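Below: one structure in structure tokens.
Chain IDs A, B, C, D, E and F follow the sequence of writing; residue 1 opens each chain.
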Amino acid sequence: MKRGIGSHQIGDPFEGFVLIKEASRGVTSTGKPFLTLILRDATGEIEAKLWDVTKEDEEVFVAEQIIRITGEINQFRGKPQMKITSIRPSQPTDGVHVSDFIEKAPVEREVLMEKLTEAIFEMKNPILQRIVRAFIKKYQEPLLTYPAASKNHHEYVSGLAHHIVSMIALAKEIHKLYPQVNKDLLYAGIILHDLGKLKELSGVVSTSYTMEGKLLGHIPMMVEEIGHMAKELQIEGEEVLILQHLVLSHHGIKEWGSPTPPLVREAELLHFIDLIDAKMNMLNRALDKVKPGEFTERLFAMDNRSFYKPSFEEEN
Amino acid sequence: MKRGIGSHQIGDPFEGFVLIKEASRGVTSTGKPFLTLILRDATGEIEAKLWDVTKEDEEVFVAEQIIRITGEINQFRGKPQMKITSIRPSQPTDGVHVSDFIEKAPVEREVLMEKLTEAIFEMKNPILQRIVRAFIKKYQEPLLTYPAASKNHHEYVSGLAHHIVSMIALAKEIHKLYPQVNKDLLYAGIILHDLGKLKELSGVVSTSYTMEGKLLGHIPMMVEEIGHMAKELQIEGEEVLILQHLVLSHHGIKEWGSPTPPLVREAELLHFIDLIDAKMNMLNRALDKVKPGEFTERLFAMDNRSFYKPSFEEEN
Amino acid sequence: MKRGIGSHQIGDPFEGFVLIKEASRGVTSTGKPFLTLILRDATGEIEAKLWDVTKEDEEVFVAEQIIRITGEINQFRGKPQMKITSIRPSQPTDGVHVSDFIEKAPVEREVLMEKLTEAIFEMKNPILQRIVRAFIKKYQEPLLTYPAASKNHHEYVSGLAHHIVSMIALAKEIHKLYPQVNKDLLYAGIILHDLGKLKELSGVVSTSYTMEGKLLGHIPMMVEEIGHMAKELQIEGEEVLILQHLVLSHHGIKEWGSPTPPLVREAELLHFIDLIDAKMNMLNRALDKVKPGEFTERLFAMDNRSFYKPSFEEEN
Amino acid sequence: MKRGIGSHQIGDPFEGFVLIKEASRGVTSTGKPFLTLILRDATGEIEAKLWDVTKEDEEVFVAEQIIRITGEINQFRGKPQMKITSIRPSQPTDGVHVSDFIEKAPVEREVLMEKLTEAIFEMKNPILQRIVRAFIKKYQEPLLTYPAASKNHHEYVSGLAHHIVSMIALAKEIHKLYPQVNKDLLYAGIILHDLGKLKELSGVVSTSYTMEGKLLGHIPMMVEEIGHMAKELQIEGEEVLILQHLVLSHHGIKEWGSPTPPLVREAELLHFIDLIDAKMNMLNRALDKVKPGEFTERLFAMDNRSFYKPSFEEEN
Amino acid sequence: MKRGIGSHQIGDPFEGFVLIKEASRGVTSTGKPFLTLILRDATGEIEAKLWDVTKEDEEVFVAEQIIRITGEINQFRGKPQMKITSIRPSQPTDGVHVSDFIEKAPVEREVLMEKLTEAIFEMKNPILQRIVRAFIKKYQEPLLTYPAASKNHHEYVSGLAHHIVSMIALAKEIHKLYPQVNKDLLYAGIILHDLGKLKELSGVVSTSYTMEGKLLGHIPMMVEEIGHMAKELQIEGEEVLILQHLVLSHHGIKEWGSPTPPLVREAELLHFIDLIDAKMNMLNRALDKVKPGEFTERLFAMDNRSFYKPSFEEEN
Amino acid sequence: MKRGIGSHQIGDPFEGFVLIKEASRGVTSTGKPFLTLILRDATGEIEAKLWDVTKEDEEVFVAEQIIRITGEINQFRGKPQMKITSIRPSQPTDGVHVSDFIEKAPVEREVLMEKLTEAIFEMKNPILQRIVRAFIKKYQEPLLTYPAASKNHHEYVSGLAHHIVSMIALAKEIHKLYPQVNKDLLYAGIILHDLGKLKELSGVVSTSYTMEGKLLGHIPMMVEEIGHMAKELQIEGEEVLILQHLVLSHHGIKEWGSPTPPLVREAELLHFIDLIDAKMNMLNRALDKVKPGEFTERLFAMDNRSFYKPSFEEEN
């Protein structure tokens, strides 16, 4: 499995292990059942058709099953489609695991945790530090596993922690340039701003929204949870309210989900740092896939723009 | 003081007690100090100029002071202005109180409390009933005193309770017409939807926004408080979440301050019942001030529209 | 035909009579002709493919033909599709009629007519009453047959009358709570507001827009017709104009088709009552199809929202 | 009165007859009554203050009174203000009339009528011609007197007829360039499109909106009136409906007051011809007031833009 | 090839030469390769499927190849589709050329050039005339070949010149009606306004956007080029700046691509003349395809409207 | 002149030198002329009235005159107003200069120039470096003098250079965090992005828009000028186009004046870096004027928000 699905080209043969992400049954015009499979590995995903399936096939080739296939990559209605020529479920002796087929952050979780700990250690305001520390303790495991979003940016294992750690690096430098900025407050806002996603999203493998996530959303949930945490820790002080404000306002405007816009300097900055890191993550990954002189695919979360990689950039 | 300020007409003489709402100092072109006063009673307010004031005048005629004046109502730049001919501060023997000069709900607070109690008594879902009961107990006094808003609708003493009680009456009838509606949930949502205003607004006399109100807003504050209350009462169940959703979504769309739109039937209804009662309150009060065949003043909170009272309506 | 099309589930067999709503011819990759049929009964509709059709089949299986089929419900591209195993056109001896396959209001047309008559009888303003009575007389038959819209809400036989009667019930209660409201005017507005749809829409079976409906729309058409009716009845008085205003403004804002916004109290209320009844009709029907703890399908006319039915609601 | 008010400059003395457009009473800081007058002649208007007025002054110097004044043009809060040094009401022997002080179209009404008649004479479609002829006959007098709008464009005596005649000239040429255009239909649409303003506006001297105008607007009123006229003339045919569509859609989009957008070629053209003539009228009059190399005042009805007159344009 | 593709009807047989615009390979459910072809001639385009193709077929039937086919026009998913029964590539002896299959302006290029020359000859301002003349000289060949847009309006050979010449005709007449308009400036603006498209678009056959076109757009490119040209010609004077302003502002508002709105009379007119000619071009061509009493297809660039051709229009 | 105008409080006496920014003449109700003066120093500005002025006063106290006054700060209509008690024009012996009364960047121009030179020195791409160097040489003097905007942010002497230098510092750090970013391109974009303002704005003392600035705007002007410079330097290469794209797109969206949105990674970053530095400049200066626990005045260019300075921030 040297070259992954994400680097396929029309006409390429394919041989290797992949994970079934979704499987659904159809019937052809001549009445024969077939399966439509969405296959994925750590580099991307592709649709495949499995024709003339038996009852057993339908029971074996289901979501979250790892399979070994050989086939060829064709095009159907302008999109790539895998034509399967042979298929079998993986066996214990194959030595493959679900986690092998899911994209991960480019930084190890131990490193991410270390950087988070460092940032908290730098904080001097005891109220902010205590709250942040308590949250990290409470959510350490999911925080190091969850993606930052169900799609678009940092949508991979440890994506949320990766996003937070990148934002902290940005904040650190920006604080040096504008020393009036309260670094502790900004750090606390960055670390907590998206923790509500741990309840809003279902997990890492096939990320969807929870019922709670749909009815409340990660922003109000996290505002509430900061309140609970402060009560639990018997912490009082304007810091709690200001921290809630940072979380509440970090989407910037009402239309994007913040009922109150940023009204504190660090809230304004948090909004911009979040935007920049999310956009750079999307942009860099899309530009990595094209050569100098080419345009990327359209990026839905960036107003559907297609970006150009100047021909004077070096190949990567 | 039979006819109040609100029913004045240009050219009318005026004699009676009024409350100074605001007082600010100016200097004429000839260098003489004067006071600009905003005077109010329970029926309305008017601007007045007090010319050639002494240092003592400036100390006596300040905000929240009751005064007795005689004067005449003139017009200045298209707006009415009181020309004061005599003025004195009220004395204990005058028997007037600040509360005499502030508008009140047209229903007594005892009646409002009774109707609220009745509604809670009607509820059958024990979880919803317990939460609502706990809130009413906690906030009974301010709930019966606060306005529903700082301006526009129900902006008078007991305005919030008056708004809630009217909405319950509407809900009761709508439930009869659409029996699938969960009345308990709708009642609970109505009673709690604006309680966050008790923390968002500063009070009744000269209502402004608190710092907390500006940085968080009554909606996220109340969502959080429902969470705290449920914890305190050791209540669990989907009802808590759904109730939070009703409060969160009751402004209907993001642009109006609800980061999540209504996604539960009773949330959708709550939004409309809130709208109707607020609009009818504004409309009825504005139309009461004009005669059949006339247009009202422009109503800012109703898209600046000026409403027509048909000439076939009876005089009130 | 106990269980209708609307309550099918993937994998269910199906046997019974259905109406062909649309039929169109296609050719397979191997050059063989087939028919794509949209089948419907009073509970819903489904797509079906009829393979290897003869010239005779193409002539027999056309829109508005009732057929008897046996088949199985499959899934194709994520949507249900009927796989037909046997098919024949209905015969006179089958005793089935087109009207059996079209959804109807949940209230009988006699009852709807009775309620309308009652409402008119309650009216005291002779001008408003005469105009309304004349319209009901003129349009009685189509009014009791037409849907209230071509899709989204009350899109069934007698839907318009059902919508009007529900709105009157709402108006009656709202008038009690806000007695300043002119009930006669509100009733007249409710009864006439959508009568223009009788000219805007083509009918009940496969509802589309008429040329007149596209070029003028039901609102301006009805405003004009009120004018004609008043002339015919030799009625004069501000009531005619105000009634035209209620019809003209009942969509609330320009963007939704009312060139003038509501500027009379009853016009404002008419707009809200119309909204509430349309939304409750959509919501209740969508929620009836799901179980507690589930979300409905997305409702296009409600901003594409998917609504949640709380798990503490009883099964219906 | 050689130079009118419209061509004043700060510091200029002024002597002559003007019309009082509005008069309102005020009281100075020292308690003395004064009058604020809006004075106008055919070239423009200006505010003036009349200090220390007597009861008699207040009765004499009222709206629609012609006066003779001498004074000087000063500046107050950035706007010109007339400082009156002497004033007297006009007398019969002065030989001045209200009509002398109101702006008129630059084309005589007889000429306008002639051009209208010519256009109707050119029409070949008998249905369209009969309807247009009937309207011209019915409204000849006000049509030749009314402005096309209460402000912004063609807001002078005969403004509406001037606007129509200019639009016909444009239509004539455009028809030559795009011969597929139905000239009769376009002419009929142009002549009738704004006739509803004869009921929407109060008249010429101090133009305001009528009650009917506010509650319905000139567009729906005219659509209705075309329907009445067709009935009266016992005319039937698609032309009536299409003509109503042209009037209904001539503002182009919902947000500008047309509930239906243009859906017929001539409706689309009518919208653009209306726009161009209105804009050229505003622009030409504003540019006439400035010299080459200068910017005009901001034009509210043209998105508040200030237009530049290139320095290579000749002085006019 | 008497009747072209654009006038096909479902069920019609077809025989003749067409151009392959696009060709893409697919695989059927039974694993057999097929080609999806987009075929075009000067009257329109249609999709076709070529089943069971060989490797040779795939190499022969590629974009820009002319082919001779016989077939039948069917319907697939509501859109016409050519069913090919025989196919062969064209041969030199067939005497067909790519240019035969591309739509052309209805006016010959010599006539267009003559009209352009005439317009320039009419100009009196030497600065404007010199600049325009220089551009025409520089771009004569592509100007007479390019379309005015990649789709929607004047999207055919010589479309840009046709658009310019029509606009000049409009400008000439409008200038007569509003003689204050500077005809030279307006002519210059019309001729240059879209010349940037010669760099923004790739050409005539399968028009797409160039990289430069995507990153800068034709408006800023042309503003810059006017600057270069003026330098080259050593021309100075406000005319250069004003001409740049006309080009820059001709889309009217920021949302449509003009960062500065029209602030000169002729800029405002240029915008409207451009709009009218583009819209009439789209409308006339769409209406030509339908009969009186019918609606056109939806026109994407005209807000997706479907226009009605009145039944009293003559057949063309 | 220890405490400047910007730190005044109502009731404070004032004594010192100030610059007259604007002077306009008025006449009191009693016919006496007076002057309204806008006075400024390096810390802020205030309105003042000078009563009973002579002809000589009117000639002496004009814009750009330095004066010495004593007075008192009062309040008029809610805004501070200086009451002048004595006034005299400055004399050569006073040793005051216009530049003393204008705000300056907090960094010396020599330092700014040095930082700019350093940044250019860091660049490795010879094309980008040569263009930037040529511009800095051409515009060195105005670049070190001009403000970055006529109001809102960096609206002081050397404001533009200060803005550029801050942005470069941000870019340097961001490049370290996202090493894929092309630093040379980003630096070049930052240095050139607003140079068009040197032609768009009139200067530093009372900054207004030039005619060219109004008709073209700084963005298209600078895009053009980069083209001219490249020609002059005989530079070719995609770098020129990409640099033009960075300037063209740096306002991010059409509504904010960029007809093309950022389509290159560094263009996207340039937009955000520009936003952050402008906003931090506004925010920091507004927050500097208030104490912990207070809100700032409303900031027009930040959506009219009023920001809160948390009470746990230290006093500065």
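Keep in mind that, in the parts below, a residue touches a chain if its C-beta (ideal position, glycine included) is under 8 Å from a C-beta of that chain, and two chains touch if they have at least 3 such contacts.
Not measured: the values here are computed from a predicted model.
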Among B-C, C-E or A-B, the pair repeating the A-F interface (over half the contact pairs identical) is B-C
Chain separated most widely from chain A, comparing mean CA positions: D
Are the two sides of the chain C and chain D contact the same residues or different ones, given that same means over half of the numbers occur on both copies? same
Averaged-CA centre spacing for the pair chain E and chain A, given as whole angstrom: 43
Multi-chain contacts in chain D: which residues touch at least two other chains? 214-215, 242, 263-264, 308
Please list, in label order, each pair of chains that touches. A-B, A-C, A-E, A-F, B-C, B-D, B-F, C-D, C-E, D-E, D-F, E-F
Please give the residue numbers of chain E that touch chain F in the complex, ascending. 212, 214-217, 219-220, 223-224, 227-228, 231, 241-242, 244-245, 248, 254-260, 263-264
Sites on chain B touched by chain F in the complex: 24-27, 29-31, 211, 214-215
Residues of chain C touching chain A in the complex: 28, 34, 49, 51, 74-78, 83, 295, 308
In the complex formed with chain E, which residues of chain D make contact? 125, 166, 169-170, 173-174, 176-178, 180, 182, 185, 237-239, 242, 261-265, 268-269, 272, 275-276, 279-280, 283-284, 287-288, 302-303, 305-313, 316
